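The same chain A turns up in both complexes below, where it pairs with chain B and then with chain C.
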Partner chain A sequence: MAEVILPEWLKGREEAPASLRAGSAGFIERSLVNFASTMKRLYVDGDYSSKKGALQAIEPRAKLAGFFFIIIAASLAHSAVFLGGVLVLAFALSFVSRIGPGPLAKRTFPAFVFTSVIVIPVIFGAVTPGREVLDVFGASVTGEGLRSAGFFLVRVAAMVSTAMLLSLTTREADFFRGLGRFVPSFFATALFLTFRYAFVLIKTAEDSALAMKARTIAGARAVESRTWFAGRAALLLKKAYGVAEEVGMAMVSRGFDGKLKGAAARALRGRDYIWLGFASFVLFLSFGA
Partner chain B sequence: MHIPDGYLSPATCGVFYAAMAPVWYFASKRAEKVLKLREMPLLALGAAFVFVIMMFNIPLPGGSSGHMAGGAVVAIALGPWAGIIAMSLALALQAFLFGDGGIMTLAANCFNMAVIMSLSGYGIYRALAFGEPGAGRRFFAAAVAAYVAVNLAALAVAVELGMQPLLAAGADGRPLYAPYPLSIAVPAMMIPHLFFFGPVEAVGTALVVSYVHWMDRGLLHKGKGSLKPLWIALSVLAVLTPAGLIASGTPWGEWGKDELMELIGYVPAGMEKYGETWKGFVPDYSLPRMSGLPEPVIYMLSALLGSALLVAAVYAWGRLWRR
Partner chain C sequence: MSRVAEEVLGAEGVSFSYGPAPALSNVSLSVAKGECLAILGANGSGKSTLLKLLDGLIFPSAGCVFFEGRPITEEALKGEFLVRLRSGLGFLFPEPDVQLFCPTVFDELAFGPLQLGLGAEEAAKRAGDLLRMLGIEALRDRPPYSLSGGEKKKVAIASVLAINPGVLLLDEPTNGLDPRSQVWLYELLLSLRGHGKTVIIATHDLSLAGDLSERVLVLDESHAVAADGPAGEILKDKGLLLKANIIHEHEHRHGDVVHRHSHGPFSTHDEHD
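Our next item is the complex of A and B:
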């Protein structure tokens, strides 16, 4: 095979002038990162939900009901110890689901960091008066403030990690099938279609952004960038209408008459009852916690 | 603007689920009537559209960029009712599968971003873009509609968060949910929305609406039908929701004998006779003849009994009405 010789001008990594790189080029990359991370997350979550773990084996209806019980329990509880217990429970369940604490912590992290940042003022005496325990550059940190902030953080972490565990351990098809037993099938089916076709539109948007990035040597002017965004959004809307029309016709041609009929669910087994019993036990405990 | 789980009290979340249930029902019926059999794929694709639109970074004059919420643009494109459903679907998908916004707070998020943004955005756009507007007026109408809509939604979020310390506090006065009062929550939420997220929403919506109109005006909602039911529903919700949020005391119809005596001056004879007959299996969470046990143990046994009964009920339900 002949050796490929690159010309000298192609070997260098000349950066575009700063004045051309600033601002408008970055938004395409940021959009691309958003599209790519969403796609990646959907695929990775699919891997976790197909593992042979304890939670993955539970029937979707029972699993959804159980997780809702625990989330409601964490919402009702007034005790930090109880909320800490729910948080520990979520991470313990991540082990028996063969997911491990890492991916669960990674999913919980953004909400935790966001809450940590916005809760910072609560610790100071100006917002939460009380006994001063620390002085930070002249501002007093109060014990009451620290307790309030800590309690709020534990509640958010417990609820978000429980919701994330539900998402990680449930295949999308099972999730929508289970949801269809609790909400009108119109919404469950529409939600499933939304999920399915969001992929198509994200891929279209990603391809557009990638093509724009490939064609942009330095940076586009802000006006051109905004026109590009408007054009892509309009294209997506047009594509959404087109796909909706095709999907609608395909549904009608297969006998869809406006009424949805779901597939029969399998009967609940022993492990489903154990899960429901355990989750409702946590819920009942929260009434006085 | 997505409120995560843990920020709102269960009572507030319950009020919003109760408020949103008829809105979802009415909007789905309305969308069904207008869109016929095409309704579901179009709503789902509309939701997928707004889901993707939220991921775009929009470059602003001045070099910064940000995300839009999309409530106004989807309402202008699909119409207000379909907009409410499509936006609700997108928010539900984000909450259930991506953890953006909570599950308990889903109805509150839908109220803020689907109902308030869609209705106000669509209404303002229709009012400003009446007749046959030129490109400039259409751009202006869409920008104003989106700017006002996103700020109204942000104000609703701020009020909901700011009311939490009033609604739920621990025995020591410590806030149990979002900890900031209205005096902090409103400016903290409104300043970034008035000066940054509002302009992002305005620029994004105006660009998309103008471009779509120029490319294929048939893609935009025609604005047929009366908006009267929409405004009536919004007015009723606007009156009821704060009332539900700040309501304290016993829920209507759940009065005890003492409260009834205080309210109407007497206790009805039937209630006097039978009202206290049934005290439940486990009155006040205390198991009879177990008073010697420590309170936490009795409490756990009560919870165990409750969960066993629930499982038995689910089992019986599954056997009798297996689908």
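Our next item is the complex of A and C:
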């Protein structure tokens, strides 16, 4: 093997130029790392689904159907009191499911904050005309606008907390298995694989951000960060394509022929019927609310 | 085309390319039932592609691949032959994250048997037996993506064994395994061989190839077969292994003495300048 000849500058150790100042991570890198950690915290951390709670004991099909009824009820209702009731119900159920309000609130909060931001225009008279209650730098805030925004926020909080309660009390496997009983199993499998491999890609994106951090001393300029992000996005797309192809092969090599065959679900029991009856009753109430 | 009577897998003049880049060039081989073949080659020499072709996951652009004497073509892969091939061949991917796509470890082990129509009870029995055999019962309900690298590899191997294939196609099986897990894998493969399984390994691991295989096939950097013969002979052919970029030499000093030696089965300090 030919001898490796090192360039002169590589033979010694040199100090970084005195003018170089350490910079902080750019907005894009910070956002990426924060997004990855939020996703992991929301969907992976905390094993509440294996606790011996009331909702955890319900058969996945029945649980999924019941929560679907309650979410439909929350989307149909026109009464803030009813929606408040659904919100209270979700938090009450978090107690009997041995989760408690903290973890549920933590998972509902980001959606609540996001919605709060997007409903801001609704409170102004230009969007929702009505009786002016406040003047903000010349723009009038109307009572009707505040009511509409508040109502929308309560609806979102009720629906998101119910959906989060379902995700917290249901093992990922049971959720997709239950879903596969209602929709064609191919769709449930595709959805599961999307969810499953999103984490592989998030991990790749996170590692890319860390790799850049490891080689960055002075902070990267915004334009460099954008170029880097575009390059990483292209890499992720390519990797997603490669992974999809390989996963397809891995499924085929173990006998998958386009039709997914699964084990039979257990029969519904008394508590499953009680839950379904209760959820149906909530849905029934929403028609008059 | 007539094939050797005891041949379980074979290839005749097989070529394959990814777009303009050739991956395999005119490769022929024949693997007998119960044989253990190691496919050696540098990165990008076409080892993984050859295994995928043998498993009927991709199809050659020229030549033909055979399973139990029947050509594996897109047209032929249906009905009874498809079931026979899928239940007869088990493919281990080098990257466990690709292979493990089910919600839990148990589902992962039951997936293959269920797809092959073995029924829920038999699938559950096989999954339970494998969990016990590999000592991973505690992982039964864990999502595979939450496991460590070594655990993922064990589950990936178990997911292949659940089908109980007669032929194991293992792509870099020791990839990412710590030394203890490598020994465990070696002993598992030895035991499987002892029970008549055919094992085909694509690897860089010369010690695994030497310890386990009686035959070695070398792919060179032109994606063609550089050699195919008894492991004892091939692994002693330093010139061949150097040419195929499977081993390399390097030089270092002990005081005034310069050692020049290769890595792999020739890693001895007896080649002084």
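We take it that the second predicted complex is superposed on the first by the 210 of 289 C-alpha atoms of A that agree within 3 Å, B and C clash if a C-alpha of one lies under 4 Å from a C-alpha of the other, contacts with A are read in each partner's own complex, and residues count from 1 in each chain.
As a working rule, contacts are C-beta pairs under 8 Å (C-beta built on N, C-alpha and C of every residue); 3 or more make two chains touch, one makes a residue touch a chain.
Not measured: the values here are computed from a predicted model.
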> Which holds for A:Phe95: it touches chain B only (first), chain C only (second), both, or neither?
Replying inline: neither
> A:Phe182 contacts which: chain B (first), chain C (second), both, neither?
Replying inline: neither
>> Just checking: does A:Leu193 make contact with chain B only, chain C only, both, or neither of them? Give me first, second, both or neither.
In response: both
>> In the overlaid three-chain picture, which partner chain does A:Phe256 touch, first (chain B) or second (chain C), both, or neither?
In response: both
> Touching A:Ala173, do we find chain B (first), chain C (second), both, or neither?
Replying inline: second
>> Touch test for A:Gly277: chain B only (first), chain C only (second), both, or neither?
In response: first
> Of chain B and chain C, which one touches more residues of chain A?
Replying inline: B
> Regarding the shared-chain residue A:Ala111, is it in contact with chain B (first), chain C (second), both, or neither?
Replying inline: first
> So which positions on chain A get touched by both chain B and chain C?
Replying inline: 172, 192-193, 196, 200, 243, 247, 251-252, 256-257, 264
>> Give the list of chain A residues in touch with chain B in this complex.
In response: 22-24, 26-28, 30-31, 34-35, 38, 41-42, 45, 68, 71-72, 74-76, 78, 107-108, 110-111, 114-115, 119, 121-122, 127-128, 144, 147-149, 151-152, 155-156, 158-160, 163-164, 166-167, 172, 175, 179, 184, 186-187, 189-198, 200-202, 205, 222, 225-227, 229-234, 236-238, 240-241, 243-245, 247-248, 251-252, 256-258, 264-265, 267-268, 273, 276-278, 280-281, 283-285, 287-288
> Inside the complex, what are the residues of chain C that reach chain A?
Replying inline: 52, 55, 57-58, 82-83, 86-87, 89-91, 93, 95, 97-99, 101-104, 107, 110-112, 114-117, 120, 123-124, 141, 143, 145-146, 159-160, 163, 248-251
> How about chain A: which of its residues touch chain C in the complex?
Replying inline: 1, 3, 44, 50, 171-173, 176-177, 192-193, 196, 199-200, 243, 246-247, 249-257, 260-264
>> Touching residues of chain B toward chain A in the complex: what are they?
In response: 4-7, 9-10, 13, 24, 28, 32, 37-38, 40-49, 51-53, 55-59, 61, 63-65, 73, 77, 85, 89-90, 92-93, 95-99, 102-104, 170, 172, 174-180, 184, 203-204, 207-208, 210-212, 215-216, 219, 285, 299-300, 302-304, 306-308, 310-311, 314-315, 318, 322-323
